Amino acid sequence: MITFGCPDRTGIVARVSSFLADAGGWIVEAAYHTDPDTGWFFTRQVVRADSMPYSADELRARFAEVARALSAESNWRVDDTGERRRAVLLVSKEGHCLYDLLGRVASGELDVDISAVIGNHDSLAGITRAHGIPFHHVRFPSGDKAAAFAEVRKLVDEHDPHAIVLARFMQILPPDLCAAWTGRALNIHHSFLPSFVGARPYHQAHRRGVKLIGATCHYVTADLDAGPIIEQDVIRVDHGDTVPDLVRKGRDIEKVTLARGLRWHLEGRVLVHGNRTVVF
Amino acid sequence: MITFGCPDRTGIVARVSSFLADAGGWIVEAAYHTDPDTGWFFTRQVVRADSMPYSADELRARFAEVARALSAESNWRVDDTGERRRAVLLVSKEGHCLYDLLGRVASGELDVDISAVIGNHDSLAGITRAHGIPFHHVRFPSGDKAAAFAEVRKLVDEHDPHAIVLARFMQILPPDLCAAWTGRALNIHHSFLPSFVGARPYHQAHRRGVKLIGATCHYVTADLDAGPIIEQDVIRVDHGDTVPDLVRKGRDIEKVTLARGLRWHLEGRVLVHGNRTVVF
Amino acid sequence: MITFGCPDRTGIVARVSSFLADAGGWIVEAAYHTDPDTGWFFTRQVVRADSMPYSADELRARFAEVARALSAESNWRVDDTGERRRAVLLVSKEGHCLYDLLGRVASGELDVDISAVIGNHDSLAGITRAHGIPFHHVRFPSGDKAAAFAEVRKLVDEHDPHAIVLARFMQILPPDLCAAWTGRALNIHHSFLPSFVGARPYHQAHRRGVKLIGATCHYVTADLDAGPIIEQDVIRVDHGDTVPDLVRKGRDIEKVTLARGLRWHLEGRVLVHGNRTVVF
Amino acid sequence: MITFGCPDRTGIVARVSSFLADAGGWIVEAAYHTDPDTGWFFTRQVVRADSMPYSADELRARFAEVARALSAESNWRVDDTGERRRAVLLVSKEGHCLYDLLGRVASGELDVDISAVIGNHDSLAGITRAHGIPFHHVRFPSGDKAAAFAEVRKLVDEHDPHAIVLARFMQILPPDLCAAWTGRALNIHHSFLPSFVGARPYHQAHRRGVKLIGATCHYVTADLDAGPIIEQDVIRVDHGDTVPDLVRKGRDIEKVTLARGLRWHLEGRVLVHGNRTVVF
């Protein structure tokens, strides 16, 4: 799978597709996007591995030349879709997103190995281990969280995961972790961002009297709840819904929004461009 | 139609429904809501006019006693549903909401008389008059708008309308008009509030990279875009949508959201409670 | 909780609410509906148990008189909301609905005891037992299924469950079971009924080229996929979606549709009237 | 704009994009789709007219060779996007779709010339003419409709329209008109097809007790309501909605579904393949 972005000009598609055609590559899925505001071009090409005479490494080496000619600089990647993806999940006490992801993996719907689940509480250890997945309990003392985050980082990094998923983790990642995991850390925020940033968004939503509540899956950046948005969804509520009703109804949206965002991320469909995403 | 709110306690429904039953009132539609946070009770009762021996005025006089006994104070109303509703529309240059409302009225779907349309530009005069409705052009000089608003007020108030609809009016009502028209002035804001308050919300939405855009119909208050929300809706967008695409797609949501909000308002379905609404 | 239906006439609400008010009943939630086509009236009243001087049994005995006076005949019920609800789930090999319901119960979102899970395959035994719930494997030989259904019936009936949930069970209940479990057996069908009744609805949907796929939660009757509909939902698909994509996307809709339908059923919100439902 | 379909194989994109690149064509928008079931490939390429040294006719002549080499046979088209599109609308008494389309055209949102409106009743003549568009009243005597259809055909064909829109026309086109207008006649059916084919779909929906109603925009074929689907949408309803409520709510869905389908058709985004559509 090739994904890349470069300044737009004529002949890019011809160049890329000729490169693939010359190598006999059978394109399974291809998507293109030109952003008229920034004059930037993006593409994602999925090629059947067995249709090409190269390994992923060889393809990477050869494609580097094309990328250079198109001034893609570091904005390109060749991924071996045959390699299994790995994810580490960070959780707290609320289990609905964890239950949901575990169920999707167990039923074969989400094609990823969950290498580990890390919780700042241990209430979700049981279900995690019932799925045969290691659970690590890391305490977050309210005064000093630096040591806890260092431990989380160590536990995460040893798996070199393709995705670090904050599945209602409720702790704010420190800037160094945001930096280290740029483009790999996904959060699910329980509001339709940019509305209701920060704590207790359902309480905020109830107070404002909105008629729909939402959830947002986004990449984590040092700026709280302000990273590039991957996916959002909403559900209708009305005057009869109390805050606990919003919490309950919102869960269904959080689950699907996170699951969709994670799937697209793992499939290499999400290209970040400034603070926006292209989702192929 | 009776609508009212009062502090919750046992026996309210019994009291109200016995009052109606004793008079032989045939209840066509009834809704009740108790807000557990504020301990406040709301109801709306639609009674077949010909099933009661009273005129709306007599009913009002008799019901006053019930309302007093239940401490409803000024939070109740008896409306004669047989009286035709009147609305005045305020517009600017963007016509989609006006076209939509005119079409709904002409096809008999929205049961209201549009008494007049007032525009700060005259580009929508033609279609308005083609529907047999008076159009008034009021110029808003950028320096001094007070005289313009005074003229608008005069033009509106002479119809004593049940609804003053800011159908993409693009001018901010001064506090005295907000006060004079409390509970009768409806605005359609082209974002999913509280996101993107103020000017050019589609530009703001595009910059933030949201995956859904929305529209909000709310009562106008002196606090910009912060009045009680009547209805909201959203539509999906993606990375391929430019600002003009958002503007175009958003219009479909603006139109239905405003039309629904206006219908509910005219049918007496919207009860304001603090900064929130009960929509029966 | 009182639910009942009777022929519409004036004074029903007064009668019912006076009955409750005289007993000091604090109404927590009340809903009313009149069907103009059939001239039938429906209501559901949730009363705080501690606000009344009666037990559920006493209330039932006293309310019988009101019901008789209003010609409700057998169309009424008094339920003790303090009694925990019980459900038995029937499953096959597809686990997504089971995973979803187990997760909802485990996280405290769905307030029900799952007494047992019965599968015609045993592949879901592990996750069921990990949740501390008995799993029964009943084989369905393709020739003769009568003995298998008899065993299922025995296993179900010993729990006298409030709900029997066909969570993608893939076996058609014989008429005698449909009759025995009338109003208690819920099915989730993976299409937007009445489109695509019967087998392989996602294949049918793909062939027809629909732009949305859906799911339907309905009461099971002897008429296949034709029972009263409790809830439906849809999700957008496009030309790029293969049948496996429809299957995957549809699962998210099946899960929430079944979960909502089951919740409403357990909360006594669903009143069946002919082949339609009133969902309060 | 080039649209075409051909049997899938390696090198198609390279061939097409090289052809365009060699001519200096600046691709504004490109979409590709491979149908794994039929092994068929589709693409749509929008090229900036001023970036190419050819007229549309010349481009057509040159591209014919590429199309032949790729076995596209008759499945390709080169359209001059600079040529204004023309549509003729067929209506009956229900005006909501007509009002909607007229408003969209008048406000510049839908870029098409409505050459004429033809009605089997004359109740919509006034609004049509207020928009400066000719209205033709063609009577459909219940016994013999052949003459009426012949007149409609004559009135339509003299405009050689890109789209013939049955905007709630309520008359079934005879097979010869379906054949003559293949791929150009669009209908809006007021149900979520394939549910509720034929007459009075809202009555059918009410009787079945569905929880969502829908609308379907599809190409007209000789098989009633069974042509390739372009777009569908739904809206939620509940037990409180009578048939007139369904009719009213459904209109909002009919309008947007038809408007979207028509826009996509006029922009050349819809490719028909068997009884399914690719919508780029």
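Per-chain residue numbering starts at 1, and chain names A, B, C and D are given in the order in which the chains are listed.
Everything that follows uses one rule, which is that a contact is a pair of C-beta atoms (placed from the backbone, for glycine too) under 8 Å apart; a residue touches a chain by one contact, two chains touch by 3 or more.
The chain list, named the UniProt way, goes like this: A, B, C, D = Formyltetrahydrofolate deformylase.
Because the structure is predicted, anything quoted here is derived from the model rather than measured.
Asks: Note whether the interface between subunit C and subunit D is symmetric in residue numbering, meaning over half of all numbers used appear on both sides, and answer same or different.
Replies: Mostly same residues: over half of the interface numbers shared.
Asks: If I superpose the C-alpha trace of subunit A onto subunit C, what rotation angle comes out, expressed in steps of 5 degrees from 0 to 180?
Replies: When the C-alpha atoms are superposed, subunit A turns by 180 degrees onto subunit C.
Asks: Relative to subunit A, which chain's C-alpha centre is the most remote?
Replies: Comparing chain centres, B lies farthest from subunit A.
Asks: At what distance in angstrom does the C-alpha mean of subunit D lie from that of subunit A?
Replies: Comparing mean C-alpha positions, subunit D is 37 Å from subunit A.
Asks: Measuring from the mean C-alpha position of subunit A to the mean C-alpha position of subunit B, what distance in angstrom results?
Replies: 41
Asks: If you look at subunit A, which of its residues touch at least two other chains?
Replies: If we look for residues of subunit A contacting two or more partner chains, we find none.
Asks: Sort the chain contact graph into one of these: line, ring, star, complete or other.
Replies: Here the contact pattern is complete, since every chain touches every other one.
Asks: Which part of subunit A faces subunit B closely enough to touch in the complex?
Replies: 33, 35-37, 192-196, 207-212, 214, 228-234, 238-240, 242, 275-279
Asks: Using the touch definition from the top, list the residues of subunit B that touch subunit C in their complex.
Replies: Touching subunit C: residues 10-11, 13-15, 17-18, 20-22, 24-32, 34, 51, 236 of subunit B.
Asks: Taking the complex as given, what residues does subunit B use to touch subunit D?
Replies: Interface residues on subunit B, with respect to subunit D: 94-96, 99-100, 102-104, 106-107, 109, 127, 130-131, 248, 251-252, 256, 259.
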